[in-house]
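Look at the two complexes coming up: chain A is in both, with chain B in one and chain C in the other.
The block that comes next holds the complex of A and B.
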């Protein structure tokens, strides 16, 4: 059978679908992490940390709103509806942010893993052929620089205090570490995105770069990151099949909207 | 293009810019949105006036208020049939990032006068790398207390010379 060349219009439609998939992954990651971290507002270990965590959570929700905005532009939709009116299983955040916030060590371990992986992803996306995305990413990266510095400082602080701080950090890495590569795992439509330059580098290359960056830090602090969970690297499972912690969070963040979906603010 | 007999577009745009220069930042009213550098461009084409704003931080909750204020303050110009404006669009742009370098000298002086260290203009996020200058005594013997402050665009510092806590408008 002779393969039929795909019509350009088909390709355009496929590419738009793939771009939506990428934007949704970026948006949902920041949205879910932002909500999870906002759980610390009022109960962080001390006041300065309360302000810092709340600020970072606010940044993540801001970034998510901007990505949802780009997605809404593509689909002539409404960013609020995309964010709040989807069932829990339609979210496409990665497995790393699917965990509950846990204790402070787990929150800090997760933040550092996420921020370091996200930095590698955003560095590549700053060169995206999708201009609105590339422009937005330039600004997001500047803000994320503050998050990464914050996370590194906490990782160092917990790791260097032997006894309970180090132990809790090690336990946190043991629990969420296997899911960390899910941030950079290939999306189902990755080949198309890479081919079109919308995602300039494939997930495999991003993962290699991320490892090269975090391994020296982990080594210096005497920390181990467990091997990746197979589900965290598989495009079919890295961003679906969410757990109980997310079901709880989803119920929480959609509860006000659910009270009166037609209310305006 | 403007209505027949109306002023040329450049004049209308200049009038719009003058209005914008009088709109205060809602979080730090001492500085105008123009001196803060968040107004990227003002254009008038085919009856559509566009005011492009650059957010200092993406999740800044004051943005909606600033957009509404800009639209409200421009209403008298729009309502004048000679202006040639049929529609006002206040848009948020990421075509270039807002950075500390966009704050004008007037804006820097206004920040200092109200107890804020202006961000140092220079390489990316220098506000974290170099000590802020105390807006009260001018000393550089200051320490960063928290990179995160009461709003997204402010960090908290302490001056060891005059023992005064102060805030810096930070680079985003």
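The block that comes next holds the complex of A and C.
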């Protein structure tokens, strides 16, 4: 049997759908992580860290707003509606940000894992054939650099203080580590995105680069990252089936808008 | 760029750091305030978030408060003896300046542009 040749118009439509999938993954990752980290506002270890953490959480929401904006341009939609009016199971963030914030060590472990993986992803996307995305990523990277350095500073501090800080950090990595590769796991439409140069590198290559980047840091600090969970690498599960912690967070961040969906803000 | 690590990391306890900021190119660094942090690296992060996150600073200096050499001995700063002889008050400059202008053929108005005209009467404080 001969497969019907795809018409160029079909391809264009498929590519647009794939691009939306990529933008939604980028947006939802930053949006959900931003909200999860903002849970520390008022209760971070000390005032300066409280301000810094809240400000960085706000940066993530800013990045998400920009990605949702690109997505809205593509679909003639409204960024606020995309962000707030979807059911919890329509979110496409990665499994790593599904975990509850836990203690400070877990939040910092997750932040560092996410920021280091995101840095590899954004580095590649800065060369995307989708110009609006590439232009945005160049700006986002300038802020993310500092988030990564902040996370790494905390990772070092916790790892180098033996006893409780090191123990809590090791436990956190044990818990969230297996889901860390979900940030870079291939999207279902990856082949199309890579072929069109919209996503310049496939997930497998991004994962190799990320490992090469984080292994020396982990080695230097005497930390172990457990093997990837199969679900974190599978395109069908890396960004779905979010679980109870996310359902709670979703109820929180959509609660004000749900009070009166037709209100003008 | 923030440093990735600092060879003089602290002992893990929070300590104060003083933050100086420059608002515009060419302006002096002015004291902005302080932050507490466990080490210089995090102190820089906090200084950035507290004194520059709204784009209000071009440059920051962060200094461990313990590294500042302080002098607050009033015997040295405000000695009890009469020190009026160290102040420039009492020197009448007006006539001297007028003579100097005559000599160089400069009128008061043509004093070199862009520079503040010298004080006309007495220099220094009363």
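Things to note:
The rule is short, and it goes like this: the second predicted complex is superposed on the first by the 265 of 265 C-alpha atoms of A that agree within 3 Å, B and C clash if a C-alpha of one lies under 4 Å from a C-alpha of the other, contacts with A are read in each partner's own complex, and residues count from 1 in each chain.
Quick note on the criterion: a residue touches a chain if its C-beta (ideal position, glycine included) is under 8 Å from a C-beta of that chain, and two chains touch if they have at least 3 such contacts.
Every value quoted in this text rests on a predicted model; they were computed, and no experiment measured them.
Superposition of the two structures on chain A shows chain C clashing with chain B. Once the two complexes are overlaid on the shared chain, A:156 sits against chain C while remaining clear of chain B.
In the superposition on chain A, A:254 makes contact with neither chain B nor chain C.
Once chain A of one complex is fitted onto chain A of the other, the partner contacts of A:20 are absent, as it touches neither chain B nor chain C.
One of chain B and chain C touches more residues of chain A, and that partner is B.
Within the superposed three-chain model, A:136 lies in touch with chain B and out of touch with chain C [touch as defined at top].
In the superposition on chain A, A:208 contacts neither chain B nor chain C.
Judged by the touch definition given at the top, the superposed model places A:237 against neither chain B nor chain C. Of the two partner chains, neither chain B nor chain C is touched by A:41. Within the superposed three-chain model, A:61 lies in touch with chain B and out of touch with chain C [touch as defined at top].
Overlaying the two complexes on chain A leaves one chain C stretch of 8-16, 44-52 or 116-124 clashing with chain B, which is 44-52.
Across the superposed pair, chain B and chain C both touch chain A at residues 48, 51-52, 55-56, 146, 149-150. Against chain C, the residues of chain A that register as touching in their complex are 46-49, 51-52, 55-56, 146, 149-150, 152-154, 156-157, 161. Those residues of chain B whose C-beta lies close enough to touch chain A in the complex are 55, 57-61, 94-99, 124-125, 128, 145-150, 152, 156, 171-172.
Within the complex, the chain C residues that touch chain A are 2, 4-5, 12, 14, 35-39, 41-42, 45-46, 48-50, 53. If you check the complex, the residues on chain A that touch chain B are 48, 51-52, 54-56, 58-63, 65-66, 132, 135-136, 138-140, 142-143, 145-146, 149-150.
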